[in-house]
Amino acid sequence: MKGINVKMEYDVRDIGLASVGQQKIDWVAKWMTVVNRLRDRFIDDGVFNGKRVAICIHLEAKTAYLALTLQRLGADVWITSSNPLSTKDDVCAALAKNGVHVFAKHGASDAEYNGFIKAIVEAKPHVVVDDGGDICDFFHSHPECASELKGICEETTSGVNRLKELESQGKLQYPAVGINDARSKYLFDNRYGTGQSTWTAITHLTNMSVAGKVVVIVGYGWVGRGIAIRAKGMGAEVIITEIDPWKGLEARMDGFRVMPITDAAPLGDFFITATGEKKVIRTEHMEKMKNGAFLSNAGHFDYEIDVPGLQNIAKSHEHVREEVDEFTLSNNYRLYLLASGGIINIAGGLGHPVEILDLSFGLQLASMHYVLSSKNLEAKFYKVPDEIDEMIVRERLQADGIEIDVDMRDQF
Amino acid sequence: MKGINVKMEYDVRDIGLASVGQQKIDWVAKWMTVVNRLRDRFIDDGVFNGKRVAICIHLEAKTAYLALTLQRLGADVWITSSNPLSTKDDVCAALAKNGVHVFAKHGASDAEYNGFIKAIVEAKPHVVVDDGGDICDFFHSHPECASELKGICEETTSGVNRLKELESQGKLQYPAVGINDARSKYLFDNRYGTGQSTWTAITHLTNMSVAGKVVVIVGYGWVGRGIAIRAKGMGAEVIITEIDPWKGLEARMDGFRVMPITDAAPLGDFFITATGEKKVIRTEHMEKMKNGAFLSNAGHFDYEIDVPGLQNIAKSHEHVREEVDEFTLSNNYRLYLLASGGIINIAGGLGHPVEILDLSFGLQLASMHYVLSSKNLEAKFYKVPDEIDEMIVRERLQADGIEIDVDMRDQF
Amino acid sequence: MKGINVKMEYDVRDIGLASVGQQKIDWVAKWMTVVNRLRDRFIDDGVFNGKRVAICIHLEAKTAYLALTLQRLGADVWITSSNPLSTKDDVCAALAKNGVHVFAKHGASDAEYNGFIKAIVEAKPHVVVDDGGDICDFFHSHPECASELKGICEETTSGVNRLKELESQGKLQYPAVGINDARSKYLFDNRYGTGQSTWTAITHLTNMSVAGKVVVIVGYGWVGRGIAIRAKGMGAEVIITEIDPWKGLEARMDGFRVMPITDAAPLGDFFITATGEKKVIRTEHMEKMKNGAFLSNAGHFDYEIDVPGLQNIAKSHEHVREEVDEFTLSNNYRLYLLASGGIINIAGGLGHPVEILDLSFGLQLASMHYVLSSKNLEAKFYKVPDEIDEMIVRERLQADGIEIDVDMRDQF
Amino acid sequence: MKGINVKMEYDVRDIGLASVGQQKIDWVAKWMTVVNRLRDRFIDDGVFNGKRVAICIHLEAKTAYLALTLQRLGADVWITSSNPLSTKDDVCAALAKNGVHVFAKHGASDAEYNGFIKAIVEAKPHVVVDDGGDICDFFHSHPECASELKGICEETTSGVNRLKELESQGKLQYPAVGINDARSKYLFDNRYGTGQSTWTAITHLTNMSVAGKVVVIVGYGWVGRGIAIRAKGMGAEVIITEIDPWKGLEARMDGFRVMPITDAAPLGDFFITATGEKKVIRTEHMEKMKNGAFLSNAGHFDYEIDVPGLQNIAKSHEHVREEVDEFTLSNNYRLYLLASGGIINIAGGLGHPVEILDLSFGLQLASMHYVLSSKNLEAKFYKVPDEIDEMIVRERLQADGIEIDVDMRDQF
């Protein structure tokens, strides 16, 4: 760590991109109202003053603004990306210019990625934002880096699941807060965030009409529902595939066609996975698809579509357009893979709309504040405290000028 | 009990209505596929044979068919209605003709109502269907009637809440199963059942256009959502009022206007309450309403709209049409109360669509079967067993010809 | 004519139903704002004073109120129904009590129907409301009845087509105004009126869920569109069949499945015809349908479904519920015909929502006023004058409290 | 003309961009099925062989592919852009490389623009694609360039209006075909094309959520309807402003709020003009807007928003992001102008979806073929022949695998 500190304050692709990145950060800054309100609320309490914060999450403009806000609150910020494909080099350059310790490059190799994780963890942070549990793992195998650690704030479902498993095995060594379980996050970013941004990405990448098309959505959880309702709103015919019978019946009652993926394969124009599971679209399905079908993934990981399998059965493969790869099968049908099977709305677009990620990052900011200002958090899994969850949603309502009703139940 | 048995096998308004009621029952029998499939599944196992079943729930054609199915399975059935306003006299007559012990009359007085409850409980049933907890209460105060009781199946949220409270106080004396907590019920009947049937009732009672109107829905729970999505689908502008900030923000992200009821009062053409709480529309709101506004209630009880208050501030009141009452306020504005403030889709209509109530009654039938065939259920609150919940939803999917996917998660 | 006048002032089924009918008329009177505003506008000009008006149109509460309004304006009103199946006997009774010359009975025989037409035409009316052209035909073959006739106001598309044909053949003998061509009519009553009321009728008659069902709509004209958008809004999967390629592609771009009726036949739960053409659902389709499919018609005539054919191929037929007939085919599948194949929203329901028919009847009232107050109308086909069309839509907007923008195009 | 031919075959910004542009053209080529089918249909008839075609229309990848298709059919193609803001320099470079005579640069000055028009007209084309009537005007003032001209195919409403006016004044000198009046165009590209691509552009340029926002749409014609239905589908609250009372009432019956722009001004988050008229959003409205409101235009011209007025009342102006300009008013509220007030979906995005513009360009191709192969077209305005209009829509249906029904009306 010391070595790195001496040798380099940051590691980015091209520091010359800083002004482009800065413009993007300045833009989102205007609309991250909840984060801004929390900043004003915390500005004088000194909780972040001189603290080291490490962040490992998709690194784009909104994440950068979270980092700069922490810096503004007095923290020393170390940041990398949880996924090299979603890293925006211009934004990283801008962070470096601002004195944030940023270690991230679009398309970084595995070796680079591991080096970046190491770099930010060896800063011995007081608090950490984690996305999927990589940082948490690192601490457990390198406890010497956790000497100052007060707690970990985990963003995702999968990371939360890993934390809960660690805890149940009695192996969790540090306090951890599960952001994803807060209502201000899971009720909004999956449905309304992924729902919209998936379609912006697909239509911008392809210039195709969604109206009049058959959209097959694999999975009818929060993400699948969000994508489905927007697809319907854009004039598509929507088919849902599910393994859960209640969700299957819900999808049907919501007006969608429901069938196994095997039956849906020959019908779809756009396929979108949203299950969190592996290989939900496999070569056996691809071989039944229409000529010209599009494959994309809106789940957390990039293994929902069997991309290696696709490469295997294709007789040729061509990169035909930004984030669009054409695979020609032995029947001469062409399938189009978007964003290499990575998360379509981030790897192939701008990520969640600003105001929606603002809710999640408001939760992150307030949870870090909670971790740093709490005494004696134990090495266990914590939910986001209800009062923080409610504060966040109420800040959003206020920012949007929406008034709700007063609870008068005790009066009648 | 014996006395009643001797004196009367049933107590209905007009036995001459039997053929009209029978036609209605025959109709729903065609579409209650889940109940019919369960009947075929249970027909030879003898579980219901010679058992006494008591039912206290809204008494219309679908309920009657549940009773007749139990009878077909060998049970001796005693039935009354949980609400005199929703009782259909023709259906009761048909049940009586079929040899069911039916004690119910539309518009029964409190004294009659209590007598009816007493009549069915004194039959010393082996198993009971309860709706809101009235039968359960009676057993606790008349334990002599529960000498044969194996368990209670409770239909509603409010009844379930009472059971849980009893249990937590250590006072629950009998095994009780909470039907409402099953996914096959709460995911479907509130949203899709109440959602549709509320609008059928309102449009049939009033012959008014919903398109182009402002619909104010008080409460954005399952019921409120169901009504809202259908209102939007019919071309209304929808306003939601809520006290819960997350639900308020969800409603907004779903495209609805959100505001306090005080602000919504002067804007609405149709007001629909769906909160489960008391007096959510009060005279202070009524006095701000437009001339010609309609008031209706889709929540469980009839106290969501302050009807006594409305009667109080009205300078005149006229019954102008079936289930429509006109109240003229001092400003000469007329407000229209539908179905006397009772549950609009039952008191003012045909209740849930057949296939949707079929899910709930399938759960009831299977849960009664479970209670009667289980040994040693304890005096505590039970969830519907997962395998029953899943059997019900899968029967529905099969009946509708809907195939879902196979879970292959362990293979990848 | 004189004879009839002497012998009978009216001919209705049961004068004792008058109070029931009166209540229905009083109800719609509250909401027919455009008609009421026109009444106030015309009340003092004497145009209708002492004039004889003959009306032949579906005879339900709203029509009755149009008649009473004309009476209130000083006219002597003669009325019958354009279709015996849609006639409401209670409403007729109320009209008779009010002194209107009403000749109509629900289920009248052909002979009765012809007698009724004769009765009102022989009154030698000054102006006529016609629906499909029957009255117009009568005048052409009985010119002696038209001695006082100033003009005919035709309600429907098919009547307008007959008028235009007569005119092009040089045979039109009387001035005629085509109400259906006015924007205030065709843009609203087909889509928003039929769209909603068709679904109220179907759900009220059947108590079935629309959510989760396949709805096949034959024809994607104004009526078909209205029914389709509401079906989608209620959670159905919608299939459109069309012969027009542009409408077919529009339906597809609106998100609906599009296919020939032969392919749709085995898929549908609800079939609704809306073409204006004959036998669009034939036995060859019925024989492919699912067990339990529902057949209904929302087009103008009752010949869109081949009902005689259905009777022919059915091995048995049973009337199972109000306006529901069950036909069992040789494969033992049961098909359900609603409202005998007549117009579902009128014969099986309450007709258009009040405010929407109010637009059409406002046009009728203003057009009759125009006919009676014009000098020298020629024996040709007239459109509703633009200023009347605009007056009607503006009265509706005002009644609904909707303000639109001012045209400032000449200023920039 | 000769001079230009000698001196330069093309005039583009940067020929080095050709490979980037070629990739874009290759992409759309895959999906322009109607154009491709027509190419195969016309390939052997020689109609385009050796003919000079001049095109003046928004110049992006799809237009380029139309040009290359004409070249493939044997024509010599001259092309410029109807609007310098929508010109894509990479696509122009690719055309130049392919031997098309392309004269166009993004952001060309007025002088350059006029030179480009001159260049393509002086080629003495046999047939012309015009967009708004500029080429047509040029011919009328420079008849010497029209020596070989067989006809003009006009794309837009406004161009068609100019043609009809010329004809009515007896001044039209050349045959002209109005593409926009064909059903295969106006029924599809305005609603489904602009509807979707406007929202892709706005969400991609801003990264904002549409769900939960107030969208004010000025004008409820085909374009406004398309944008409105998609906004609703994305979870927005939609307000419509109109000057036409029927459209205003339709918007209301479709569930939208309707009010004058003056009342909508303080409510909107996104304002979108779609009227074809000048200055429909003026400074008097801007001064009432919320802090942070977005202004964009989806109408044909860039004068619907009073941009000069906005510049005038703003105390400062900053270009904050690609196609986003921030204007700070004297009240310190910031308004954001998208795409400089030009057509948002073209200037700020990728234009119509490929398959939808394919319909319009199919019409263009077939209409040019019609012009070139007809004998004795007169100097008057022609509709696209019905058989061409129908051929286009049927090609699209076939390409999409959609079968419609057969017309059997003569059989019943």
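As written, the chains take the letters A, B, C and D, and residue 1 is the first residue of each chain.
Assume contacts are C-beta pairs under 8 Å (C-beta built on N, C-alpha and C of every residue); 3 or more make two chains touch, one makes a residue touch a chain.
Since this is a predicted model, take the numbers as computed values, not measurements.
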Relative to chain C, chain with the most remote C-alpha centre: A
Contact-richer chain pair [B-D vs A-B]: A-B
Inter-chain centre distance, chain B versus chain D - centres from mean C-alpha coordinates, in Å: 56
Whole-Å gap between the CA centroids of chain A and chain B: 42
Set of chain C residues in contact with two or more other chains: 192, 209, 211-212, 232, 235, 249, 252-253, 400
Chain D residues touching chain C - in the complex, by the definition given at the top: 183-184, 187-188, 191-192, 241-246, 248-250, 252-253, 258-261, 263, 277-279, 390, 393-394, 396-397, 400, 402-407, 409, 412
Chain D to chain A touching residues, read off their complex: 23-24, 26-28, 30-31, 192-193, 195-197, 199-200, 203-204, 207-212, 229-230, 232-235, 292, 320-321, 324, 334, 349-351, 353-356, 400
Interface residues, chain B side, partner chain D - complex: 209, 211-212, 232, 235-237, 249, 252-257
